[in-house]
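A short write-up of the structure that comes next.
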Amino acid sequence: MRYLPLSNTDRGDMLARIGVNSIDDLFADIPENVRLEGLLDLPKRASEMQVERKLSAMAEKNTSAGSVPFFVGAGAYKHHVPATVDHLIQRSEFLTSYTPYQPEITQGTLQYLFEFQTQVARLTAMDVANASMYDGSTGTGEAVLMAHRVTKRNKAVLSGGLHPQYREVVEGLSNMSGDRVVSLPADPMGTEDILSQIDDETSCVVVQSPSFYGQLIDLKPIAEKAHQHKALLIAVFTEVVSLGLIEPPGTQGADIVVGEGQSIGNGLNFGGPYVGLFATRQKYVRQMPGRLCGETVDAEGKRGFVLTLSTREQHIRRDKATSNICTNSGLCCLAFTIHMALLGQAGLTKLARINHGNAVRLRKLLSAVPGVEVLNAAYFNEFTLSLPKVAEDVVEQLAERGVLAGLPVSRLEPENKDLANLLVVASTEVNTDEDRAAFAAALKEVLA
Amino acid sequence: MRYLPLSNTDRGDMLARIGVNSIDDLFADIPENVRLEGLLDLPKRASEMQVERKLSAMAEKNTSAGSVPFFVGAGAYKHHVPATVDHLIQRSEFLTSYTPYQPEITQGTLQYLFEFQTQVARLTAMDVANASMYDGSTGTGEAVLMAHRVTKRNKAVLSGGLHPQYREVVEGLSNMSGDRVVSLPADPMGTEDILSQIDDETSCVVVQSPSFYGQLIDLKPIAEKAHQHKALLIAVFTEVVSLGLIEPPGTQGADIVVGEGQSIGNGLNFGGPYVGLFATRQKYVRQMPGRLCGETVDAEGKRGFVLTLSTREQHIRRDKATSNICTNSGLCCLAFTIHMALLGQAGLTKLARINHGNAVRLRKLLSAVPGVEVLNAAYFNEFTLSLPKVAEDVVEQLAERGVLAGLPVSRLEPENKDLANLLVVASTEVNTDEDRAAFAAALKEVLA
Amino acid sequence: MEEPLLFEFGSLETTGVDLDEEDGIEFELGAFERKADIGLAGLAEPEAMRHYVRLSRNNYAIDSGLYPLGSCTMKHNPRLNEKMARLPGFSDIHPLQPVSSVPGALELIDELAHWLMVSTGTHAVAMSPKAGAHGELCGMMAIKAAHTAAGRDPKIVLVPESAHGTNPATAALLGFKVVSIDAKEDGTVDLATLKNTIAEHADNIAGIMLTNPNTCGLFERDVKEIADLIHDAGGFFYCDGANFNAIVGKARPGDLGVDAMHINLHKTFSTPHGGGGPGSGPVVLSDRLAPYAPLPFIRKSDAGLELVETNAATSDDEQPFGRMTAFHGQMGMYVRALSYMMSHGSDGLKQASEDAVLNANYIRVGLQDLMSLPFGVRPCMHEVLFDDSFLKDSGVTTLDFAKAMIDEGYHPMTMYFPLVVHGAMLIEPTESESRASLDLFVATMRDLVMSAQRGETERFSGAPYLAPRRRLDETGAARKPVLKWTEPEPAQVTPEAAE
Amino acid sequence: MEEPLLFEFGSLETTGVDLDEEDGIEFELGAFERKADIGLAGLAEPEAMRHYVRLSRNNYAIDSGLYPLGSCTMKHNPRLNEKMARLPGFSDIHPLQPVSSVPGALELIDELAHWLMVSTGTHAVAMSPKAGAHGELCGMMAIKAAHTAAGRDPKIVLVPESAHGTNPATAALLGFKVVSIDAKEDGTVDLATLKNTIAEHADNIAGIMLTNPNTCGLFERDVKEIADLIHDAGGFFYCDGANFNAIVGKARPGDLGVDAMHINLHKTFSTPHGGGGPGSGPVVLSDRLAPYAPLPFIRKSDAGLELVETNAATSDDEQPFGRMTAFHGQMGMYVRALSYMMSHGSDGLKQASEDAVLNANYIRVGLQDLMSLPFGVRPCMHEVLFDDSFLKDSGVTTLDFAKAMIDEGYHPMTMYFPLVVHGAMLIEPTESESRASLDLFVATMRDLVMSAQRGETERFSGAPYLAPRRRLDETGAARKPVLKWTEPEPAQVTPEAAE
């Protein structure tokens, strides 16, 4: 087997050196009645060529986003990632290194984590950021738990503009740990009355902007109300590119900012791996989940970086830990850092403008299709259409015409019939005039 | 522009520091009447996305070898290259390093060159090999020039089994430098009488085995006759995998062995870049063209490697140099070295057996097609069919049926009408039973 | 040359990405436009390339040397897997594009699930957890859901003291009370203690979280009895699968009575660690827990594969406890793991486990006369645990010893874990090492041990001497955390100096 | 740890490639089966990965630092180009598959040819040469063919003494006699000398081979007069395009009277050097030489693009002198070069030349007070040439100085070339360097110069101290060349010792 360096001669010699007769002598602790004889009922080893053929055949059955006019967003976005990013993250020294427990020989990882934390803090206009979470949705769950720890309360209020699957993650955790969650009904236009839900038992209020439906939300009044009640505002985003153009949650009063970083540096990958961004105020840093990288000096006084505040973490605190998390999304986080370093403020701002511009162009085209209504007045690169037909059917018919048109809300919210005709549509820098025209034409046809 | 780090502010400051008013002051030596005003008549800069779109569109117009049953050989072969190879050659330190003129900081390059030279010497059973040539064809040209230097004669005899384009390269060089070439007629079955062409004026006789037509050639009698007349035998191959299974030219008496190394580690790339292998006897080493890497020690006595015997080369000897060559095919040579290190003797031998086995299977299937005759009795992974129709037409018709079936000899030898019905067909480890069946079925149909 | 932070040489004006020119955009942002600078430095592409290449060169990696981190399983990461994960049909598909446009994605997930179930001897697997600890959470949530469905609410989770910290942390997160179980002298769970503890908490036992092979590198011989005891007490057996790599093809957790076990795809099936992630932690489930598997999952029927994403789509015997994450989990890791498993096949997977165990024992016999085995001379599984008694009175600490390994060109082993022995040193070579590599490692370790015992303390106390950094001040870092870069204050110019 | 040669730790039995099992092959090899061992060591995949990763780490590269090799042009190699070259439609097509199945390949070659012709101001280009020197050969063969077609057989090729060694070597290869032309005091060709030399060899002048900008980093101001003189003498003007990168978008060689010029795609258009190759050397040709361009070429007509591979397919005005190589040249490099040119566009290409020249002059003014400019203080093009007079009496040689740069983290500049000045040091920063990078380089060089002048000879004579190797014995290597690894003799066992 190509990955195993030992030859049969080696194996024999080594067993002899160890002083046993057969390899099974080393497995003697496994009770005989459960020891496997023979092989697992699986195919035998395969050459590279065979593996490539089999997996390529599966891959080719899927319609890749780059091969069609593509407008699906709703928490994951098709962006163009420079070739440099994928090249660099495949450097052996990044790809095949472990968690930087030995900082003297992992300064590469540690320094980019420090750069990443700085980038995230600046993007969100918050004091501190951690070294990433699994993704935006699990990060949101952790943010709610953190708010409970900070406020010593256990009631979370979730906006109806929160991504339904993010809501489910929070609800699931809370159900299990006995916390309370108040989830507001779906709120496509950002008109819900969330302020009235905030009271002295509230630990946090969770608001997404741009919302799941694309609506930009004014966080300031919510922050104000929350703070009046000593509750925290958790601001969520799923499209980090929006922060290049819109006012950051930090200046709007958010206490915890959490979001999905996939758009920068990372591909769609059918939903994972992604990279969760997580930032908060300085005063809450010791209640923060996840890994943190900090600056220090070495024995010669040279600047260096280490993992720090690990006394919060499970491998030290065990059942008293702030979280059970013991990885971050290292490589995705590196991809984010490099792509963001390439963009810089100038590039990110321009990228955000192009995204918004393409969305506006699309909005105009689609608004003009008879029967279509756009529900959002203020949006970034995503908005919701109200269609005269069931959105799921329309999307299928558009797919048959070679356009992947967006997410029918009913796929995630099947039980709310009011949402059956809603379609969430995203547009990024990858969409061309031809893509948009094809979408509008096909939609017109399907709705005719 | 994303590749240019200077900002306009930098540019202004730097011009001031230099003490000139404008950038054009630095170009003042260019006569005004030829200095370009404005821009070249070419498109302006393009984003990564634009470049990808444009080039991908071109690429997609081509039928890639991996997408169809594929049997074209004739000097370049479709083999499977492990993913490790392409990953490693893209390491920054290999990819973006220059010729190892400063050996203290280029031991990476130098050590793999030394490994490569050793591999090539062992494969060919020769004393020494150089650090590679551009490709097999130009290497053959250089081998003939080397033979002229060694023998101080200038008549080369070329077998009719030599790849026609290799022959053209040798003839072109000889025409220009006033040397003589005797090229024997096309020899599909390896039955030519080359011995009678060798005389006391002959500097070398150039024989390819497996021949362009796939025929295995007995080099021993040719070596014997050549040596009787103090001429050199230059043995050529285009399929290096054959050396895993057939007797090497070195033990058959060759004085120079030259061939194409593309099959190991390198893709088809529409013909280049490839990697020429070049080996000879110890006594001729100082007449050898191309770069050589040798072992030495450093100031502390540690083993190290350097480019050596460069006094043969153009940058020292100028018009007295053995050759004008001043690069090798470094990165392709690295790909070869790594792939060969992965194979090892065990893997290469097995690979060669599979190649031969697949060719035998194909030979049987195609022989059974009415009207088809296989011309070669002994072959490795390639052989020549005599068809009842013009081969070029048959190939086009097979291509329409989705099979890329081989090379019609007439494409390279259009003026010899005797060859019009000949088709050179290759089979490697990538061909499946389905591929072969598809070929045979389609051929039967086309010939019916 | 020291590599600066990107903020120290990049600029707000520089960008390494060319973007197509915009033509007159009308903003439809409402009142939400960002006004202030973001403060993100940009680099031109050549600058970024060089910066991150240079940074990378300060890292140790499995590609550059033996990486004996016990329980972390740093094994070879085949590049075939990277290539496969980048096929556009996997890497460039959206989690919410029409299901009809991604049949190959469902097929891939289902195929990997099949390989995982067969190799663990189970019939269900929750694929979506994002990492090992997330898998633990998932498994324990399934256990809690099963208790709830049965109208029970037991509070106690038993955890051996040798467990990974994630185990108690996970249990606590779900409101369970963690009760620790001591080990026997031989490093494995003491059945008698276990029985007593169960009896003490009768009717309140939610389950046990046991790592097997355990973190001492030993297979829990009494695993079947433990499973029976816990089942008899109405609890479930959660197995931490961190060390599954030792027994793939040799024993199936399902046959051992395990109810739930996460599989660290990055440990056992070689998806790259990437400097700390991303991981992936599918959880195999026993028949009793299977109904509670979280959303989403793939249902297999005669009609083919069906993706179940919402409660509305579940059938009666499917009672998902909720959802672990948005979307479908770590697809990119699934592709790599399946590519790895298919490459090995049933024969290769078994051979890999055997070689891993063989290599660990080869190191054990190479060092056991000089270093100290806390549980005596006996075969270990895929990793060998030493304690620091061989350093007693040498003046060299476990930490010093580890740092001195760096100067010899090695990444240190896992230190101070598991907590059950003093100054633990846990060495896991994996199956990826050749015999020559092990021989060199053993020789180096022997040299270090003898050096320590000879009292050459300077070699250790100041180590590392040859790394990109000397020993770093971790205490100082935690005391006053500096977690991001801030613009240095402009140098104070005193009026005199300014003149 | 020192990295052994693969033969020192691999084995004949080991393989890192799994191949599908063969089933009973019947051999049809005649009597040609190999009998003896090949002697090729194999490595398992993890061993190979680590071996070559470790080796790579002993290399300096443009990705890891400034690489000021004058005339070699080590600039940023965008990874976009690597990605494009690996599109299966380019990388996985066979040079001899039906032409009808590769229209995109012809289109790519034709498109690159267009970019090359427009930027050089010419109307023909021979694409197939495999490297710069091969391009020179091609260009000179075209010149010879043109003379032959005109019934002439002139023997003399003029070459300035500052030329690359490939120029005289190429001319000699084709049977020409090389006559060297001295430079003026300012480093450029002396028109008076040139006139005299031409007069001396009247009717026997085949052409001149001139590098412009020349290897002293100077643009030959009299280039038009030189062209006219050579044309009047019946000769052709071959321009060595090694330094074309200085003037792209600023001047077109076609306008300067050039008849043939190769373009090193790896220098000017950034295809990676790869440790010494592969290169690619297309040759642009004047209208007078165009008919003689070698096979193969692409003919453009109303019907589209047509590939001409044989003499039989040529039209009357196409008289190819022959063929430079099998197949179509360096397709993989064409894709990279076109990707690079398209990325820059007309504006970026010009800016790149300007920045390259700006950067070189910035280094010049940073060092000219301490180091010595052989031709006085004046602007240079993309590279700046110093001689070693600033080291006079310091006890430090040019070589020592270069090796000391290594300890400061830099690759040395080109040394001892061109031959026209004593102890030449030719520095080319390229446009890829930022101002901060240049400032650091200048500061380091100034420090070194002052150190040398202070007589700190040890810093130089023993350098490098900090590289993977100390200075290597090149003389010893050449005296008794060891060009491959051979199995060491087994250690002699004396009869006594054996007992």
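For clarity, chains are labelled A, B, C and D in written order, and residue numbers in each chain start from 1.
Simple rule for what comes next: a residue touches a chain if its C-beta (ideal position, glycine included) is under 8 Å from a C-beta of that chain, and two chains touch if they have at least 3 such contacts.
All of these numbers come straight from a predicted model, not from anything done at the bench.
Novice: Which chains are in contact with both chain B and chain C?
Specialist: Correct list: A, D.
Novice: Report which interface contains more C-beta contacts, comparing A-D against A-C.
Specialist: A-C
Novice: In whole angstrom, what separates the CA-based centres of chain A and chain B?
Specialist: 48
Novice: Between chain B and chain D, what is the separation of their C-alpha centroids in Å?
Specialist: For chain B versus chain D, the centre distance works out to 19 Å.
Novice: Send over the residues of chain D in touch with two or more other chains.
Specialist: Only 11, 13-20, 43-47, 49, 53, 57, 61, 63-64, 76, 78-80, 82-83, 343, 432-434 qualify.
Novice: Quick check: what residues of chain A touch more than one other chain, meaning two or more?
Specialist: 1-5, 45-50, 82-84, 86-87, 90-92, 342, 429
Novice: If we count contacts the way the header does, which residues on chain B are in touch with chain A in the complex?
Specialist: The contact residues of chain B facing chain A are 2, 48-49, 80, 82-83, 87, 90-92, 342, 429-430.
Novice: Where on chain C does chain D make contact in their complex?
Specialist: 1, 9, 18, 44-47, 49-50, 53-54, 57, 61, 63-65, 75-76, 78-79, 343, 409, 432-434, 436, 440
Novice: Inside the complex, what are the residues of chain D that reach chain A?
Specialist: Those in contact with chain A are residues 11, 13-20, 43-47, 49, 53, 78-80, 82-83.
Novice: Could you list, by residue number, the parts of chain B that touch chain C in their complex?
Specialist: 1-5, 7, 9, 45-50, 82-84, 86-87, 92
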